[in-house]
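In the two complexes below, chain A is the common chain; its partner is chain B in one and chain C in the other.
Up next is the complex of A and B:
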């Protein structure tokens, strides 16, 4: 039972970072390997606000979200959109964007190392135990989960029930068709990339409430987000949410039943099995 | 009125379309006849703003030159294309596809009215409004594609082989709905493999051969033209 609840709490915060990558990959068609660094930057942001101004991480989001949005919009506009215009096929864009964002991730790691140094960071906000079904859980985990859930619900409602959200999904499904209904595909892609970055950064800020992090940990989160996106199916919001919980549960189960050191290995085992058995993801449709 | 002037389209070194001029007015159906590879689809794609317009060519909508505008402004100007592959949003529902059709600013105010019109034109879509388009038959997908184009409140509708893959029964249904669309003062530029059906419904027609217009007549004259009968009507 404690594995179930612990897994759900962890998965709930994974959902956010994975939805961020999903928007960037599914809509803007950029496989962003610097996604994890944006997440870590969000975590540093929350840390900085907490230690510098005693501001709680939720308040920090008010600043982190717009900053991440602007930063990611700039990355797309100046670094990635030349690649998009140049690419003759989706495959070529994928290779180019993977190389470009891989390089970008090292720049971010270097910058964060220079600013914050190489040690591990954590802070104690809401470090109280809450008893759920006779088991103690950190209040910070529960608060992070609730905030993450609220943001996810807002995001999904926006995607499903507004004209601009629908336009984003249209570009994800078929960019040519989108231009035939007067959607500005380039601008919509930039918007999706920027929102994706903001969502990932807020995921980082929430994760930092209960996770110890350092400047170079981003790559692990990039890989986790990647696993979730592939597992759930590219462009599948519902699949992403289910996959994030699956990963959270799998990691928690392996950590408490076998060995905490094997969590990443377990995540990859899950990933490889899915790639072999159902490459389009759990919810993805074969195209 | 849509006016295409001296349009040429190149694919690398290969010239697919050579100085083609075509006009379509509101409330008429114009058919484009031609063999495979004659350049019909290229003309439609260029008229929807999907291909660069070069040299002295121009595309005008109601007299305004939109040659060098991005594709979304062609839609805003009133030109809606249903390409041969239909370009529908397969993973979205019928209703979402139709709503996206009303994404252009010109269509937003009349979205509700246009939706009612499309639903009465294709009652099947009303029954299936919550269904994902991917799971529908070819004929139903074609209705979604045309319905979506109608949602953008077009002045001119460009249709590339709309009857492709449809049964004769559905085909007849489709052509009847084209007549309804024409009566709503919308112009239709139709590329059609079934020349007999195309000429039967059209007011005028162009004949395209090797990327050039070699004939431009009323449908009656084209139907009785010896060359056209031989080449496209299976001659008798």
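Up next is the complex of A and C:
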């Protein structure tokens, strides 16, 4: 039971890391390697609000989400859309966007370094124990889990029950066909990219409650997010959510039952096995 | 994917070279000093606390005095800084560049054990003295024999684990705690080396290791580790940890209620941000390092550090990095010129007055260093050393 709850809480953490990248990669087709830096920027934002105004990270989201949305919209509109326009195939866009966003990640690291300095940041919000079924858990992890659950529900509802969500899914499946049925592909992609960025940044703000971070730690989050997105299937929000929880449960089970040293091995084993059985990911469809 | 990332990484890294030049060229004579250490990458969080601020402090103080006293007159320091992005290849390239392109007179040692050892052959090749601080290894005798210009200041792995064992052994002998020890380590260089050194030493000290696990670097959820340790019902908890997990383990111990009477985490326990985050909860937490905060030199140093850099120095490596610069300064002034050979010979043969007390190298190694410290009333006091005065008595931890 302890493993189940611990795993679900860790899964919630992973959802926050990966969901934004899924929107950006699955819909806008941008393999955003600066994903982790956006997450760390969100964490810095929350830290800044916390230390400057004693504002809790949930309140900070009110400012961080729109800012991240605008920033990512701008990145897509001015930096990435030229790449989208000139790309002849999906493969080429992926390679181009990998190169461009990798460069971008260095710029972000440099900016955060200049503004906040290179040392570790850790402030610990809601770092209290909550007893669930006779086992203690960090209140901040539970709070982050609830937020990520709310986020997942909102996104799934939006994608499945609104017109703009439908357009987003259509672009994810086939951009060319989507444009034939009068969906503005460029605008929809920009929207997906911006929302993805906002989700990632809010993830960073929530994770900063219990993770220690510094300006150059983003790449760790990018790698984790990549694994989860590919595991779940590109373009499948449900797949990402399921994959994140699977990974969380697997890592916690291995850490508790076998050896914490094997969590990384377990994660990669799961990754390999699933890709061997389903190369398109858990929920992905064959292209 | 990882391979693509790596390939792109190497390309992008070699393109984006950043360097900053401090100091002006208006003085009559200038002494050029090079520095290379992480400003980005995994070790940047540590070097920004323990390494870079001390360089800034030292240069500002020396230049404030008018520069280094040479026979030919005062020479102001011109500091040339490079970021090696925590990449040993970049460290080597930067040291080479400092020696051949920038033609600096002296080079400050890099940051971290791996980066220092990677650069040691280049320092030796160009004949620069390398006073390594943040390099802890049991291979000091072999390395100093191979590199006659390499010095070590911060200690060795065995001494760090031996001190922890001695402290626990004494607590057990005094009947204050039982002999059950839960030990965890980060599965990375320093953590593995410390854990390997600790196992036989703990056993020899009569301690019973009831939980012994490692966890990968960058683990985001350490609660299974702490819960596992708690389930083993230990009297002491020892973690050979790195900065992010030092914070994570402490936070989890607090949440899970791991109420051991001796709680030890390794790197970053001595960082000001550790106290900033946990406040009074860390009273009597043990950690690697320590200083004697009551000496007049240390008080003056901490005050100047805060004034010049705006940040607090840590309670372990910070003053030792500063001491390495004091040693270099005193040796250059005693020789009175930029003669690297003479300066290296002077460092080997003489004693230096520094912020950590007198330092005299024994076969290029400083064998008097702090090994364990403890948070007592908001200050991280040294409680165990290999010959430094001022150690406090170890206190028992009572809950969080």
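Please note the rule applied: the second predicted complex is superposed on the first by the 272 of 287 C-alpha atoms of A that agree within 3 Å, B and C clash if a C-alpha of one lies under 4 Å from a C-alpha of the other, contacts with A are read in each partner's own complex, and residues count from 1 in each chain.
Rule of thumb we're sticking to: a residue touches a chain if its C-beta (ideal position, glycine included) is under 8 Å from a C-beta of that chain, and two chains touch if they have at least 3 such contacts.
Quantities reported herein were computed from a predicted structural model and do not represent experimental measurements.
Enquirer: Just checking: does A:129 make contact with chain B only, chain C only, both, or neither of them? Give me first, second, both or neither.
Expert: second
Enquirer: Does chain B (first) or chain C (second) touch A:73, or do both, or does neither?
Expert: Once the two structures are laid over each other on A, A:73 reaches no partner at all.
Enquirer: Is A:158 in contact with chain B, with chain C, with both, or with neither (first, second, both, neither)?
Expert: The answer is neither, since A:158 touches no partner chain.
Enquirer: So, A:184: does it touch chain B (first), chain C (second), both, or neither?
Expert: first
Enquirer: Looking at A:176 after the superposition, I want to know if it touches chain B, chain C, both of them or none. Which is it: first, second, both, neither?
Expert: So A:176 only meets chain B here.
Enquirer: Tell me the contact category for A:121 with respect to chain B and chain C: first, second, both or neither.
Expert: The second partner, chain C, only.
Enquirer: Could you look at A:167 and tell me whether it touches chain B, chain C, both or neither (first, second, both, neither)?
Expert: A:167 contacts chain B only, not chain C.
Enquirer: On the A-aligned overlay, A:58 touches which partner chain: chain B = first, chain C = second, or both, or neither?
Expert: So A:58 meets neither chain B nor chain C here.
Enquirer: Could you let me know whether more residues of chain A are touched by chain B or by chain C?
Expert: C
Enquirer: Going by the contact definition given at the top, which residues of chain A touch chain B in one complex and chain C in the other?
Expert: Dual-contact residues (chain A): none.
Enquirer: Chain A touches which residues of chain C in the complex?
Expert: The contact residues of chain C facing chain A are 1-2, 4-5, 8-9, 12, 16, 18, 38-42, 44-49, 52, 184, 187, 213-216, 218-221, 223-225, 227-228, 243-244, 247-248, 251-252, 254-257, 268, 271, 273, 277-278, 311.
Enquirer: State the interface residues of chain A toward chain C in the complex, per the touch definition above.
Expert: Interface residues on the chain A side: 2, 6, 9-10, 13, 33, 98-99, 102-103, 106, 109-110, 113, 117-124, 127-129, 135-138, 210-217, 220, 223-224, 226, 230, 248, 251-252, 255-256, 259-261, 263-264.
Enquirer: Residue numbers of chain B touching chain A in their complex, please.
Expert: It comes out as residues 48, 50, 70-73, 75-76, 80-81, 83, 87-92, 96, 99-101, 103-105, 134, 148-149, 152.
Enquirer: Which bits of chain A are touching chain B when the two form their complex?
Expert: For this pair, the touching residues of chain A are 163, 166-167, 169-170, 173-174, 176-184, 235, 285.
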